[in-house]
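In what follows, structures are represented as structure tokens.
Both of the next two complexes hold chain A, though its partner changes from chain B to chain C.
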Partner chain A sequence: MSERLPARQGEAIRRDRRIRFRLERRTIAAFEGDTVGSALAAAGVTITGRSFKYHRPRGLSCMTGSCPNCLMQIDGIPNVRACTEPAREGMRVERQNAWPSADRDIHGWLNTFSFMMPPGFYYKIFQHPHWAWPLVEPYIRSKAGLGRVPQEPDHRRRRRINLHPDVLVIGAGAAGLAATAEAAKAGASVVLLDQGREAGGHLLGEASSTLRSALAREALGSRARFLAETAAFGVFGGGLIGASGPDALYRIRAQHVIFATGAVEGSAVFPGNDLPGVMLSSAVHLLLHRYGVLPGRRAVVLTGDNVGYSTAWALKDAGAEVTVVDLRSDGGWPEGFPVFAGATILSAHGRRRVSAVSVGTVGATSGQKVSCDLVVNACVQTPSTNLLAQAGARLVFDETLQAFLPDEMPDRMWAVGAVAGARSPEASVAQGRLAGLEAAAGSGHPVDAASIAALRSEAARSGDPIVLPPEASAASGKQFACVCMDVTAKELTTAAAEGFDSMELLKRYTTITMGPCQGKACMASSQRLCGAITGRSFAETSPTTSRPPWVPVEMGTLAGARLTPRKETTMHDRHVAAGAEFMWAGDWRRPHHYTTPEAEVAAVRNRVGLIDVSTLGTFRIKGPESVELLERLYPNRFSDLAVGRVRYGVMLNDEGVILDDGAVVRLADDEFFVTVTTGNTAALERWITWWNADWGLDALILNVTGAYGAVNLAGPRARDVMTSLTDADVSGSAMPYMTATRMAVADVPSLVLRIGFVGETGYEIHFPSAYGEHLWDAVMGAGRSHGIVAFGLEAQRILRLEKQHILVGQDTDAESDPYEAGLGWMVKDDKEDFLGLRSLRDLKERGPLERLVGFTAPERWLPPEGASVVREGAWVGRVTSARRSEAVGGVVGLAWVPAEWAADGSTFEIQFGGSHTIGTVRIDPFYDPRGERLRS
Partner chain B sequence: MSTAIRRSPAARLSSRRGAVFVEEAGWEIPASYGNHAEERAAIRDRVAIADITARAKVDIRGRIPEALPSPADTVLARISAEWAVLLGAPDAEGRLIRAIEPVAGAGAMVTDVTHLFAGVALAGPALPEVVQRATSWDPSTLPPGAAAGAPIAEVRALLVRRELPFPLLEVFVATEFGRYVWETLSGIVTSLGGAPAGWQALRAEGWR
Partner chain C sequence: MTFLITCPNCGPREALEFSFGGETTRRASPSATDRELAAALYFRRNVNGWQTEWWVHQSGCRAWFLAERHTTTNEIRRTYRPQDRPRDEEQEAAPA
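And now, the complex of A and B:
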């Protein structure tokens, strides 16, 4: 059983600082520096959770966050890797996928009935009768799981940080530290990432910290930036590296990238290889040297090279009784232990923890039983090549190391250390230094060419051939190829027999490598098994495609800091002060209403109202061929528009479909001021600029939307208010409808347009936006004695609807042409050319199929926008806008109807949901049909 | 009727941070935030944010000469061969237009864009950290004295890197984004231990 050892040099824990946390109902004592996993091991907790499908007991295995065995719910967050999660005072830890507890899980019976759950069982059974599946599926899902999704919202603030170093080094092991040190010393800006809390990688598990300390001092004492607990999770287009750190998402675009991602240990495949107490050697080293925990008193170490003996020695030094099972039969192993030579572990035995192993020759079905409480796998190393593969590196099989290694790296990228096949710290350091120097040189920093040459020979790969354990054991019992998804060797064999005979097919059919480890723990063993089953060698069995994320990333981290760009006018604070209720209009925040829309409508119709229309898109178009540009953009004519006059225009695309509408003001012979719809501004800027370039016209376009604030002063008393704000003559005769005049309004230089969207005498005042608050205050002050009110978007919508003024995008769609929308009067098809002319000629010849018409309806039901217009129960049109109108005394709206219905007095049925009403067509505006108020 | 005064879209947000405003050339300018020494210290030692919307701004685009002279006390931000922006003191736009129009040539359109852009200055040694959190654009691609168009806080911006004894970036965004960008960047600055600074502190450190 595991126990805490006396203090030792180099350990990560502070024994003078005790902390406590809760594991379900139990209090666990730990030291500062412990992980949850190490503290549980020290406390003798063997079972860290239950497996995904069969609810088998699982225990600590890797201590590096590479396997799924210790995923726990910590402080409400599911799937936290307990082996690397720092222990904190008062934290709440729960083991997952078990009831009532992981120690005594009632669902353990599933393990006994696993024969009912072969690969793809959910495709095969419960399909007939069909009604059974919906009943069975929720039950299956409730039993297979990875913790509970928290119900509380996550309010943690995440940062999104963009970095652009000369050199990015991924992995702070020996190779990564050496690369960082050299690149930084040469003057390059370096960012070093590591998912651990401390730099050192595999060196952290070594008894001696001399090399690690020296390298860390050299690298981290330089100008390099070290991001601890930050894991690169993917390589994306353009060399973008995504990394996840404590409450931060890093987006890194480096000139050069050095991958020092190391290697991940794997387990041999034999019956019982998932039992608690079966560990990887990395876990044993970390528990011993970093956390002072002896993970077992009687250990069996399975190895295929002398490296495994360092684990055996470490255990022996800590007081364990150690037996070595060496896959090699040709001798050469160190003295000091009982050794089973040329043997392997055939099976492990035990219920809640390993209690013995059977040892025998490869292929045997039974062997000698050896009692133990710890089995150490020190025989499979898989280079962590996933990020390399994502970056585009070519991986080839290395017969000596029995692993896929990078052969060709993309430009400006290096692989160093264990991921590149280095088998000793010395080789890793040499590879790292070499890459660091080359990357620095590539960034334009001077380096010593002799140093590069010297390092090349040191960096070469070397070492004895690796001897791997058999792909699977001949002994009977469940032997797991993939512990994440509970996939056994037998299940892979069955799947292959069904025709799923490649890694990609096996992955999709059995879910192998698709679990939380994403293939870290199981890829190599799965490849070898797949190869053995299908008669191919390991070298001929490629790994599955590597995709991000390589390490788990919280959704909140990916979402990052919440940035929602919003547009606000310079009068925004005045609207807030006036009690406006705001709404989104595209990116804009606009007042929906201040009091009630009905009261605001009444004020505009009877007195005077003021609305902030700064959101209108505005363009300045200037140049000798600016007229020609407008002539080609619009179906209207602008060559005859006098300076100081305003014309309403509709812009079309080349199919004759309405894109936008607005006012065009001629400021000078060669200069125009153009307004467009709020939501279309950016698109129209691109549209106009693109066509101007295509036609090669001498005209310049500038989007001046933000430069101008704008308000619309409207109502029968608008002129009275204007008169008190300006010395200019704003009378109907001096400034008639559809004219524009530059004048000072409240001492602010302004461009005033006599136009009116709401159907009353109106002045649209455009002014330098920084005067927004001043001008708003001045107009409201001047209008006070006239009963002025501020009105919002909803009142404006009612007012414009009473005038049947359309809203492009709401009342029109991607098929609306000006003829059918009732705007045919503005099409000058005798012009030589304009966008949409050819299509409009065809449409005119064909005649309209439908028409946009005004309609009235009884007060009792307001049809929603989108309600159907029906004829004999069939859909023939739709309502685009509808509001209740006090002025008209009922519902008014706009609707698309068959063209033959477009006559005053025609009626049609409107339906939505279970409601319906009768609409009566009205061709002219409902309010002030002759436009006398507008023009007055 | 009150005197016509020009005001930044972020003026009210500055007020909440304790801004003391003064009137200068028809603009309401945040002169300080109550502690001149602290503001200067932020510029020198950490990072500061200042509202510089009141700067005069003149847009020059089209066929413009390669060597465009900049009048005294102005900054010429050359973004591309066909686009430059001239930055000056508050209310200098008229003077700048008169100075630049004759030299810009007939193929250029010169426009007063003072009100088109809200402006923010980010100053201090921690400026790179602010930029790292606000944009994926690489600030090292912009040498001192140069200008570029790039996104800031997911909004299109015009960025001008000034040649001063301390790192300073002038950020200009469409006026309608002025409040949002101020709010976002000042949040980042504050989280990094920085503070808002007024024009007095900026000018005392050599900014014009």
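And now, the complex of A and C:
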């Protein structure tokens, strides 16, 4: 069967372009335009994989990506649908779930022992004795499943694309193309999706390509945007439609949605219905007309209406010998074939491929044997209503078509074509055009009312009643209701007898419709079987709830690009050059240390150091009511803060809990400069702007973090360095502690704050961030003769701890109030109102239960942050910060302790793991307790 | 969480661009009773239906605004700037 049929108009393959790829150890010759599946069929490969549970051989069945039979590992990616995957030069294709090969899989014995695997067998068997299950489970797991998960990271770039057209058309078959053409012609913006490479849907399998070409020209020649190989997989809240395309996830919000999702064929249920060589008519049409492959020489076609005869004709024209099994007994079918009337296929025979079928009347256990190498199911059409159901459409059983069809559609949504019961391309086109016009009209584009009326009559459903094959065959042998999960008709009967007698229960118990096809291939047959077993008609059963994804979506497509925000200050390269070790501070990269934290601490205490503090959150607050805003936001008072002065402030929420702290500078009567903690900046911006929005004060809040860079120059020689950088008077008398001055520093216009987190004479220089490297170089250069060092976060943490300066979020938590944290001196509770005032009154009256206190401890053991403070073996507090301090000698730290222990000199026990130590409370800062160095 | 919200400054945008500020509440006054304070801090109406609530366009203009959203369907029938609040809504009482 390596021969192709003669070339024909409209085929997909380019016979002048040959390609080759590997199927395991074989080389497969193919043409450009082939899919992996069509190339394998042309090469005579009948077994495309082994089944999930019983390792039965399976072959091509649908050619539309709707069934699980040809899932393959392609270039390392598992579960690729080979029947629709384009063949590419050099690709590596492997069949799954088989060893050593799909042709001779040693686990085929599982098929023989299937009686040991009734539905839910893993709940029933091997559970006793208990010790056996852990031994058995890994084996079962290794035998089941599909493909191998690739171990390498996926480096493909995935995009996430948002679209918001007037009209979204899902499915580019006859109905979808017609809808697109009309809506686009009327002026609406249209997006058309199809999972195939080419538009056409069922028309692609037709012998003549005339209608398809005409519709495609009309629709795709318009301004509509066609996304090929893009499948809508789900309808989400607010009408969002998700679609996955080549390396892209589309999120589509359309004003109007036209579902032209077509129908999927299903197989009749009879023993051997899963054998390679048993196909759906869609596969036969596509193989013949698109790929020039004759899928069999002796074919038996099973059908219940005249549509099946077109398949029979197509096969006969291509040179096959065809027998028709017609489920109808009342005649009226076309001439030209030997026909078994009023008959069905009772069973199919063969080991690795179908070799014969038994044909007889419904209910018979044996019949006439007809030898064949191809069996075509042209008898069950299931409208693809899943997306419709997700969108909220109501489905109602249609007796004529023997299918569930959309009845009421939600607003601004239409179902057209085969999904809505159209049985001819003409009806599909009429329905599509009508919906396209109505959608365009709905988006405000003028359309012709007369043509809408004319289309309405054309678009009505019509056709002879369909006769479906029996729910199952009376012949013996495994007949599969669900090929994905290897569920047989008999297993459904067993499960129903055990009480799982509705579709939703059967689904959960037997896993029917839960496989890779998501019920596409098996929903209708499962429903009918369920009905037959429980004494209900098809109409009385209902499909299981439809949930995304309707088509398989790669995890990577959903995950999208992996983004890790990372911020660097404008001095970052200088830190790198100085050999800094970096750490994360929120999204920022900050130097942890350059040399050693201890050396950096010593340099700041004895000489001078420089730290990049650009990551501090900074705000400018301006406006006539900016004082009022700050008065309400902080417990501190700011109305009496003079221009050019700095005040330390702490922000509370209305529970009186500490949110943040920082410096507040009055730049002018109506303007302030506020700093907040690095990691809290975004939250504080939301907090401040929210209250300002609620209070409606005339104040403008501008987050200038990142617009300003900042460095802190600190140490006994900081003033000497500063003097050489600016003409301004930076002496202690001209610029005392807690003041701020605008000046040029190294010719850069700056705002300089005399504050000192680290407890030495300090100048915090804020400047336009673009000057970062210039300023860093200038300060380091000016400080060289004074022995300046750059210091990192760790040194800063030691330095601030020696001063008992707290870090909000480190030393405080969601229950810390200012009284307990030792910041009660800031609270001006005589103010009219501020956030937290009412709560603080209660807290003040009650008095502190716990206190945040400084403590010293012996050098030998450094308690970690979070170590317990204990009393008589019980937890009563915790250590929030602790470091070894050379200046103090020993361990210094901060801890929450019961209020009665907060007196200077009290001792308490600290424990962590097996270690413990004794802490001694120290109320005043460990280093420079009177703050003389800081103020100097 | 995939619905659209119309920012009064920027127009309709994906909900993911916004941060939620919760239903509108009224702060307890400095002279509030314990019960009023507890109600203002910890109790919410948590309605099943239309609710006026705060949103901030975090990944956009970063402005706070008010929205009337149906808490079951996520339909938003109105958004507006806080200065366009009707007087009575501003004075909306917290539940007792």
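The rule is simple: the second predicted complex is superposed on the first by the 736 of 936 C-alpha atoms of A that agree within 3 Å, B and C clash if a C-alpha of one lies under 4 Å from a C-alpha of the other, contacts with A are read in each partner's own complex, and residues count from 1 in each chain.
By our rule, a residue touches a chain if its C-beta (ideal position, glycine included) is under 8 Å from a C-beta of that chain, and two chains touch if they have at least 3 such contacts.
These numbers were taken from a predicted model, which means no experiment stands behind them.
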| item | value |
| --- | --- |
| Contacts of A:R838 with chain B and chain C, given as first, second, both or neither | second |
| Which of chain B and chain C A:A746 touches, first, second, both or neither | first |
| First (chain B), second (chain C), both or neither touched by A:E408 | neither |
| Partner chain(s) touched by A:G706 [first = chain B, second = chain C, both, neither] | first |
| Contacts of A:R253 with chain B and chain C, given as first, second, both or neither | both |
| Chain B versus chain C as contact partner of A:G623, first or second or both or neither | first |
| Which superposed partner A:N162 touches (first chain B, second chain C, both, neither) | both |
| Dominant toucher of chain A (residue count), chain B or chain C | B |
| First (chain B), second (chain C), both or neither touched by A:P565 | first |
| Chain A positions touched by chain B in one structure and by chain C in the second | 162, 251, 253 |
| Chain B-touching residues of chain A, taken from the complex the two chains share | 159-164, 251, 253, 561, 563, 565-570, 572-573, 588, 614-615, 620, 622-623, 700, 702, 704-708, 746-748, 768-775, 777-778, 781-782 |
| In the complex, chain B residues that touch chain A | 1-9, 12, 27, 53-54, 59, 61-62, 109, 111-118, 131-133, 135-140, 153-155, 174-180, 184 |
| Residues of chain C that touch chain A when the two form their complex | 1-4, 14, 19, 21, 27-32, 34, 37, 40-41, 54, 56, 58, 62-65, 74, 82-83 |
| Contact set on chain A toward chain C in their complex | 162, 236-238, 240, 251, 253, 654-655, 685-686, 689-690, 693-694, 696, 703, 832-833, 837-839, 841-842 |
